[in-house]
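Structures given as structure tokens follow.
Shared chain: subunit A. Partners: subunit B in the first complex, subunit C in the second.
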Partner chain A sequence: MRKILLLLIVALSAFALHLDEIENFMQKNIDESLKILQNAKDDKKSAAQDIFKLFDGVFDYELMAKLSLSKYYQKLSQDEVAEFNKAFEASLKKSFTDKLELYKDQVLKVESGERKNEKRYFLTSSMMVDGEKKFIVFKFYKENDEWLIYDVDVLGVSIIQTYRSQFGDILENGTFKDLLSKLNDIIIK
Partner chain B sequence: MKKVLILLLFFGFAFANVDEFEAEYGQYEVSDPLSGYNKMITEFNVGLYTYVMRPVLKGYNAVTPSFVRSGVRNFFDNLLAPFRFVGNVLQFKFDNAGDEFKRFLANSIMGFGGLRDIATEMGIEKHPADLGLVLAHWGVGEGFHLVLPILGPSNLRDTLSLPALWYATPTAYIEPDYASFLVGAYGFVNELSFHLDEIDEIYYNTPNLYPFLRDAYEQRRKELSK
Partner chain C sequence: MMAFFLKFLINHPKSTFLLTLLICVLLSFFAFKLHFDASAESLLLEDDKDLKIFRELSKHYKSDNFLMLAFKPSDENPFSQTSLKKLENLHKELEGVRGVERVFSIINAPLLLSSENKDLKELMQNIPNITSKDINQSKAKDEILTSPFYQNNIIAKDGKTTAFIIYLKPDLTYIDLISARDSAKDEDERERLRTQIQKHQAEQNALTKALLTQIRTIISSYEKDGARLYLGGVSMISDDMISYIKDDLALYGISLVFLLGFALWYFFRSFALMILALFICFTALSSASGLFALLNFPVTVISSNYAPLMLIITLSVVVHLITHFIEISRLYPNTTQKRLVLQTLLAKAKPSFFAIFTTMIGFFSLIFSHIEPIIKLGIMMSLGIALGLILSYLFLSSALMLLKRQNFTQKEFKLSFLLWCANVSIKRKKFIYALAFITLILAFVGIPKLKVENSFVNYFKDGSAIKEGLLVIDKDLGGTLPLDIIVRFKTAKTQMKEGEILDSFENEFESLALKDTYWFDSKKTRIAKKVHHFLENKEFVGSVLSLNSLLSLGKSINNGKDLDDFALAFLNENLPPNFKQDLLSPFVNIKQNELRFSIRVIDSNPNLKRDTFLKNLENELNELLKNEDVELQITGIMLLYNNMLQSLFSSQFDTLAFVVLAIFALFVLIFRSFKIATIAIICNLIPLSLVFAFMGFLNVPLDLMSITIAAIAIGIGVDDILHYIYRFKEELKHNGVKKAIVNSHLFIGTALYYTTISIVLGFSVMMSSNFIPTIYFGILTTLVMILLLFGSLFLLPSLLISFYTKRNNKPKLLR
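Up next is the complex of A and B:
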């Protein structure tokens, strides 16, 4: 048992993204993602799968799901949490892929990173759209010397913040099932 | 004990301190006493877009040559460059104001009166600035959120500052009044014709549209006014 756990820790550490690697890692994978989309033609689903193979290791989907539900997360049963996490991750991936698809002909360039505090690092990237510079900020947090993404600001708009408002509004006026069905309605076509 | 430590270390990868994040997001607030009305107008706007504007704009895009749409877009955009220049000066963003000045000169002279956006081709950036953003930069609060028919998300401050945008546009001075309105509306609709894919994506693929539009609008305005 001990050996298995140690092996798991070593394996996870091997994928861990360190602070000095973030800029290169992100620029390389953003370039790769845009290439995948440009070559994808109509097969968006397979393009999305290829893109998320690049990023799965750095997005903390579980934490993002938890933050998106805020206080409502504690009220869910274990089964509901599992169901929500799955639906949330799928919906988030679709949303990202669609947004990338809209801007696939632009160049998203990593500009600079800023260490906000001991446990936060914001990586700013930008692209030119119709003469205007638009910013996308990837927000990383540190956990056990590993850096993971917990939110992305697109044009100054926090994805997690908008999810919190959307989900909070659904749950105040409806049920967990309503939320789940709204999330499941969004699938990659 | 060792096993417990190893387990703790292992699960440490999965559990971050959520309280710190809650504090981060807890700072965000938006005043929305008219949420019922706002949701209703949002539904109206989505219906109007789906059944009237979208089909019309799809038709418009199909029959209008791309260079005509771009020319119209660039022309209207160039007319607002002096307004953006003043807006940036009033926010003490002098570099941005300088860019707007250069853009206006380049597009007016070399871009055939603004029909071609040569400034963007030259790498001169555009910097949005309107009266609402100037007021926000000076510390005027946004007031409550307000969704306008056809125009979409806004707030009290930005709605009250809209007449400034109208009167800053030279097309407002065309006589008679209805011609001025028609020209302004054409500029608005032509601009929309470039954003159908983006609007489709947001309108039809967002789990809960109204809170998303509200937050996206308010956060974006905050970002632009910094």
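Up next is the complex of A and C:
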């Protein structure tokens, strides 16, 4: 039993990302993802599943869900929170999977990281699109000496910010159910 | 004093005549500097808060001032190769006109769905139009015909007529000058800026005129092969109005010379007297015009009426004087010319002064309208007719002296008719009262039916080029009257009290949300859609353009799905600037946190009740947006015009109350009797109310000109009553009431006829105008003058008989 517990702690701590490891970790996994994509040109769905496995550990989906709801998060019951978290992660992943259809062999390269403050670190990566450099910024926060992603800026637009404005408007004028049903329609372009 | 002064003039006829003439010539010289102002803003309320808002909002959005040119090709197919070629050439030519900022038509309309190239990114970088090489022509036609941006805007719903929207370079100097004037600290500074504004406007008018001439020349070269082109737009309407004013003034001048000349010949049978009377009237007019130019009074659509009004009123003074002169020269054939002239001028001094004074009060009351051009008309007329009276005296005192003594004759009217009038008023009082009572009932029923409407289309005659153009643009291309709805979002302030970690995240996202990138979000697009759909389905609304038109375009590119917040932020961040400029900036102002819905209202719809429409629109929009935490503003020329007319309508009471009270007070002073003053006022008001009742029953709307009728009619109309009562009191000294009535009828009947004929002839000239409000003004004023004459000949004597006895007024009246 103890062994199992120890193994579990080791396994978890293996995912605990430290600041100085972020750049390498991300570049390594990005390269890995691009390889997966190149090998699975016809089946982007299964490729997406493999990519999620690489990154799931560093994405804090729960926090992302919470941030997307902003002040409305406090108003949800525990059951609703659980239901929402699930739906949110699924929607996010579905959007990503759909987006992969448009992938055309571009190369994403980690450029540099910037420590915004004690608890924030933004990692900028870039890719060439039609001869123009476009940026994707992964936003990390620090939790118990571990760094996790809470938002991604795609070509200058924060995904969480655009979720916040949409969810806010839905909940201002509708119910939690409306939000859930609409969540499935929201696909990041 | 008066006699001394007049004697002096009569003793020095040559000097008086020449000196007066010299002053008149000097003043008239400035008349050439009189400037014409028919800009939309010349008719607006200066202190209207909506006008300030309108000017402020004009700065927020580009391309406010535009012309529309409708094009109906001979084959009625704008998409045929020959038509497209012509449209392309026309587009280029219009772009080359000086003063045109840009032109928007189906030639350069961006097409996103008609290209063989499906890649959105590439499309955005090089947006194709119908002339692009890889465009699919039939798809392009479909896209243009169904596009939310283009349909009912640059292409008619039936696809047979297309339009060019010609955006004119904005006149920023004018806006700056206006705001400098509004914020000027002292009156000197304000006056200096006013002069500067006038100068600038004159330059601007000349530029607009040149621009319109050039566009019209281009148009005519395209009309040769059977295509039909129609030009419309606020700038064009005001330019046409300026032309109309100038044409009207020229026409009034020429036709009044003949008409009044003929009337004067008919009355006096003397070439010399006819020329003299005309000379005095026209010299008074040109001198007054010079005076107005010196005082910096611009001639607007409304104040242009000063010309015929001045001629008519001065003429009535001159006619009264000459009639009296002829009468006494016949009565006393052996008296010297000097005595005759002096006697005439002295005898007529009081009634002429009071007649002019009451008319001045009538015009002066217009200052209560709070409308700049109407106030100006009031002041101009008050000054003008005072000048007319002075010049009449100066010229007549000298010119009659210089004329040879001769036996003048005049056309005699049948006295039997006047006798009949006098008898009817004496013997059929009940019948006359019954008529007056019926008139009052009609007034009570008809006057509440009066309405104010300001249809631009109806300002112009059927068949005129301007009306035809406005109708095509109105019916096929989305309406002529621009109106804007502004929805302003309040800056969101969140009050969060949560855990520390969420706080720091919340702060981060709250500040991120304030970035322009995220300005387009679900709430704003939802509101844009809601308001747009509401406006689209509103009766009388033609074209509606807003952010939602762009969203619909985005939806069609996005396989029929609405753009989400990410897509909106993404597009906002990555759209090419020129695309944003053309399609976004007219409808969105991120800095001001506003959305603008640019609508055009179908002006020619006869069921459109503008005030009700605007009120309903505001109420319904407020209801629609009540929980959205936004501010709503309706603005645009349509609203400002409506405010102006509504204000006129409501100030009509103030104006009338002032005229009636002032004239009543004056009557009390002149006649020293409340009873007579009351009778006189009643005899004025009853005929006047009948005209307004007619307007109510016949659905003739009050407009910017007919609204001045009441004040003017009372002012001019009391003259008859004044002259009559004066005579009546004179007669009372020697006769009983009934005899006094008969004698008064016989004595002043001729003068009343002369003046009424002159006035009716004068106002009838207005019926020849191309401007419908002027025509209505002419007809209605003529009607009111005739009714007022009836009031003087029938109602006044009846009331005098019933309520006035010789006993209660004997010696203290007139001497």
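As a working rule, the second predicted complex is superposed on the first by the 166 of 189 C-alpha atoms of A that agree within 3 Å, B and C clash if a C-alpha of one lies under 4 Å from a C-alpha of the other, contacts with A are read in each partner's own complex, and residues count from 1 in each chain.
Note that in this section contacts are C-beta pairs under 8 Å (C-beta built on N, C-alpha and C of every residue); 3 or more make two chains touch, one makes a residue touch a chain.
All of these numbers come straight from a predicted model, not from anything done at the bench.
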Message = Just checking: does A:Ser158 make contact with subunit B only, subunit C only, both, or neither of them? Give me first, second, both or neither.
response = both
Of the two partners subunit B and subunit C, more of subunit A gets touched by chain B
Check: With the two structures laid over each other on chain A, which partner does A:Lys133 touch: subunit B (first), subunit C (second), both, or neither?
Finding: first
**Prompt:** After lining up the shared chain so the two structures overlap, which partner does A:Lys119 touch, if you call subunit B first and subunit C second: first, second, both or neither?
**Reply:** both
Item to complete: With the two complexes superposed on chain A, say which partner A:Tyr150 touches: subunit B (first), subunit C (second), both, or neither.
Response: both
Inquiry  = After the superposition on A, what does A:Leu67 contact: first (subunit B), second (subunit C), both or neither?
reply    = both
Practice problem: Report for A:Leu108: first if it touches subunit B alone, second if subunit C alone, otherwise both or neither. | Solution: neither
Checklist entry - Is A:Asp169 contacted by the first partner subunit B, the second partner subunit C, both or neither? => result both
Going through subunit A, the residues touched by subunit B and also by subunit C turn out to be 63, 66-67, 70, 119, 130, 141, 150, 155-158, 160-162, 164-166, 168-170, 185-186
The residues of subunit A that touch subunit C in their complex are 63, 66-67, 70-71, 74, 119-120, 129-130, 141, 150, 154-166, 168-170, 172-173, 185-189
Per the touch rule, the subunit C residues reaching subunit A in their complex are 121, 494, 496, 498, 502, 504-506, 508-509, 512-513, 517-518, 521-523, 526, 558, 561, 563-570, 573-574, 627
Residue positions on subunit A within touch of subunit B in the complex are 1-2, 5-6, 8-9, 12, 60, 62-63, 66-67, 70, 91, 94-95, 98-99, 102, 119, 128, 130-133, 141, 143-144, 146, 150, 155-158, 160-162, 164-170, 179, 182-183, 185-186
The answer for subunit B against subunit A in the complex is residues 2-3, 6-7, 9-10, 12-14, 16, 18, 20-22, 25, 28, 30, 103, 117, 119-120, 124-128, 197-198, 201, 205-208, 210-212, 214-216, 219-220, 222-224
